[in-house]
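Notes follow the structure.
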Amino acid sequence: MAGVVLDDLTKRYDGGALAVNKLNIDIKDGEFICFVGPSGCGKTTALRMIAGLETITSGEVRIGDRVVNNLPPRDRDIAMVFQSYALYPHMSVRDNMAFGLQLRKTPKADIDRAVEAAAKILDLERFLDRKPGQLSGGQRQRVALGRAIVREPSVFLMDEPLSNLDAKLRVQTRAEIARIHTRLEATMIYVTHDQVEAMTMGDRIAVINEGVLQQVGTPKELYEAPLNRFVAGFIGSPSMNFIDLKVSNEGGVVTLKGEGSELQPDPTLSALLRDSGLDIVTVGFRPEHLEVGALAGPGLNVTVTLDVIEFLGNDVLIHGSSGGQDVVAIVDVDNVLKVGDSVVLSAAPRRLHVFNPVSLARMIGTG
Amino acid sequence: MSVVQAASLPVAKPAPTRRTRFRPSRLVINVVLAAIAIFWLVPAIGIAIISLRPESAFEQSGWWTVFTAPAQLTFSNYKTLFSAGFQAGGVLDSLTTSLAITIPVTILVTVISSITAYSLVFGRWRGRTVVFLLIVAMLVLPLQMALIPVASLYNFIGDTTGVKIFGTVIGVIIFHVAFGLPFGIFLMRNFYTGIPHDLLEAGRIDGAGEWTLFRKVVMPLGLPAAASLAIFQFIWVWNDLLVALVFLANNTHQTLTLFLYGQTRFLSSNYWIISTGAMISIVVPLIVFFAFQRYFVRGVLAGAVK
Amino acid sequence: MSVADPTADALPVEPKQDVVPTIGAPVGGGGWKSHLGSLLFLLPGALWLLIIVVYPFIATIVRSLFDGSGTRFIALGNYKAIFSTTDIIVSLKNNVVWVVVFPFLVTFFGLVFAVLTERIRWGTAFKTIVFMPLVFSATAAGLTWASIFFNDPHTGVVNAAVQGVANGVNPPGLYPVDTSAGESVGALAATGVESGPGGTLQSKSTVTAGGTIELGLTGISPAVLQTNHATTAQVPSSSSGAITGLVWRDFSPSHPTARGQVFPDEDGIAGMHVALLSADGSVGATTTTASDGSFSFAGVGSSIYRIQITANNFQAGFNGIFFLGTQSLTPTGSLNPTLQAVLSLPIVDIAMIIAYLWIWAGFAMVVIGAGLAALNREVLEAAQIDGASEWQTLRRVTVPMLRPVLVVVFVTMLINVLKIFDIILNMATPSSQSGASTIALDIYNNFASNNGQGLAAALAVILFILVVPAMLMNLKRIRG
């Protein structure tokens, strides 16, 4: 087992496009870290550079203590699970898993033992002599996992392994992977575009956008203390609401006003706004933190005209607009609401995130 | 100029790492392939040069010596062949005969294949599978199986009705169309299965008849496949020898392949003339090939079953 | 699968939807009118095929059971005749040769080219070059390659190249004697000369220091002498301590029947290598005759010598290999005719196979290339990560995954080659035609002859039977 360090990792394609821009991530030995971000953000490219399937333009990748930049994949002591499983279609499940070991001239007895062990963990014993074409998607993905396990690598790399599975299987296999991680105490780097997956599986999450690392932290850190507007909007489903409010300073009393909304800042926020000298700020608040009914004291009050109401069982998901800006909220089902109603929703100060509208950095919020 | 780019899907980048290990073997591959490419060009270059050298030069030295003595190149052989003008049996007459056969066959095969395939894919009658399987079976049927009875049939028609078919261009056309249809139907049918039925359903609901549906919906969408078929069929018929030999051998007008074959048989040592005929016969397919590479290659790929 | 997808029919593909038809009309108007419409569409094609393909197919089978004139029913008589006629057995043998050698080679080269072109930048140009011969008719290609394989090293590229190498290894002498054409060195001996061992000539009499010896030869053309700058023969004077002599052409135009005397109008033989031959057979000093045919060995000592005209003078140059002939590459010379027919491997078959490879390797390359490009890249990357080298990936992952494509190419070429016809007519020389013929050729020849229609029909049926396995395989592929 080994940790992985990405040191200013950069990938530039011919033509100048920067796919990965100075990524700095320190992955601890045995950690399960997720690289998450929208399609095309560079997370898969970064993973492939760690694997050795893409050349590195500049920066270093260190696995354990070794700099692996110029090593071919086979010498990096890694295993990879692909989105499309990438099983060898003409080989049986057993041979698929044994292939890597066969290439290294491992004695047959050892190969058999390793394959049997992996098959046992993944419940594949019945399928050992079948070909991938005879297996279901979930079974194939387990074979792909088995192929990786059998090699006992220092690092497991996974490229959106669950994307091709249906919802139910996805949940099941997610648990499988988590179990394997616990059992093997292996370092795992997991790439996904699905932030729910990332939040549930990772010890830590690295959020990447347009090749640039936005934030690395535990799920809790990312949820409660996003460093910028992108992370705030990316993490959490449904995503955070953002409205732009004007800063008005009337004789020392700072309020934020927008069309249909008003924010009374608490002392800390007031001081921050005064000192910043900004006219406009972006305020973020999560749908699940909104309540029906106005707040008398400090906090955000937003008047919303409802146009869609979705029944979720214990909660209600409502969509509306306030002063031209869309707002989504999850509120208690006991509230009596209908389409067209104009309601006031509120959020407590500690649930508010304020962002600099230019730099998009977070100025304040639960932290 | 993307020749087979359409056929070969975008080639992924080769494994990028191990730069230092790759270089020597990449050089070797380039050298080997360059040698192969040169080897491949030699026969065509040879025959071209032979056609451009006069008889005296041919007997004295090999065509490869022309690189040291380029002055000997001449168009005299071509003049000789063209001097016969459009007289029957000459090269120009054979060229027109080949055209007179190839163009009708190409049109007929493309059109009939299209409508037959339409019927097989969008028709609503039973037994479509059986008919299609029969077509597939016919794909590999050697045309030798039909030569004798068809020749007899032609003669029979000629004897009873006085309409001469055997030994005429018509007879050749009829035969070529018949043996071009299985492949044509197969190719068009495969393509048509990719057209969503919904498009026609919508049309039918609006009241369109089958012919309108074919003309306005299926045919325009199927143009790429039809083009591939046409190109492929054109070159196939242009280059045919056997059918022409059987049905046209004694005709005053010969196809180019018959003309060439005749030269080889009866003037077997006059290679400076024979090669010239070969060059002329290659010109048309070569033009078609370079103009429609993409379609020809697609037709060939689909014809992997032929 | 989008209709506009340009790669939709890029692969040798079976239809993407399954073949089982929707029996019963899809929903949506039409009714009888549309039923009729689509059936009408079927009519032209169906009629054409029925009349020119289906009916003749059955008719040929029936015809094969009748004799040549078509009047007498002889059941399997034609078939029996086929398997007992040596000529036809030769054709069958040739078909076997083609079928065994060609499909494998063309698939192999196609695979190699497809794999290698992925590594270079100019892959498209290469593919165009290799693919282009498909545009040639087999007729034009046949005669193109016939010219490449010309016998005469002056006009045939291959023979010229071989000659370059062969003459480099075994340089021809100035006075070549073509033993394969029946000439012999001994026939050149005229006066005072006899055959020696190992293709040499030697003087009949011996000579010692201070002596002169005359060696007369015939059978050497004036043209050759002129090429070698021969002048009038001159008997050299004797020289003490040396042996002198003359090698001359013992033929005088003015005294055509006289031998043994050096006439003034006879030519010396220039540039001839001569050597001192000791009594024990060992060869000593060598020298070369001057343009007048004279030579001299100085300081020969007291031994008694004969003069040897060395064998290298008569070394025949390379004469050209008859690639387009039916010389067998297998040693079948001593077998009985039938066995010979079955087991001999005519060299022209190999030449024609090379020509046919030139035409079709491009096809194999393009089809396999398309299959290669369609492979899931991630599987190959997985192999890389598993630790496979380039070669191991190729051998154990790429090629096995390409198996279906390779089979399609192989089978297509197999069927193609069973019907091989044009290239034989246009490449094999007239004398080789019968030795190189195949079933398709026999069918044509019998068809064209007066009474061979029954035989031709039977041969056609056999050709069909040979093609049936491929037919079944296609049907299975489409159905499955």
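Letters A, B and C mark the chains in the order given here, with residues in each chain numbered from 1 onward.
Convention: contacts are C-beta pairs under 8 Å (C-beta built on N, C-alpha and C of every residue); 3 or more make two chains touch, one makes a residue touch a chain.
Bear in mind that the values here come from a model prediction, so they are computed numbers and not experimental data.
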{"item": "Chain nearest the overall C-alpha centroid of the shown protein atoms", "value": "B"}
{"item": "Chain separated most widely from chain C, comparing mean CA positions", "value": "A"}
{"item": "Chain A-chain C separation of Cα centroids, rounded to whole Å", "value": "67"}
{"item": "Gap in Å, rounded to a whole number, between the CA centres of chain C and chain B", "value": "26"}
{"item": "Inter-chain centre distance, chain A versus chain B - centres from mean C-alpha coordinates, in Å", "value": "57"}
{"item": "Residue list for chain C, restricted to those that touch at least two other chains", "value": "381, 384"}
{"item": "Chain B, residues touching no fewer than two other chains", "value": "15"}
{"item": "Shared interface positions of chain A, touching two or more other chains", "value": "52-53, 72-73"}
{"item": "List of chain C residues in touch with chain A within their complex", "value": "376, 378-379, 381-388, 392, 396-397, 400-401, 403"}
{"item": "Residues of chain A touching chain C in the complex", "value": "51-53, 72-74, 78-80, 82-84, 86-91, 99-100, 103-104, 147, 151"}
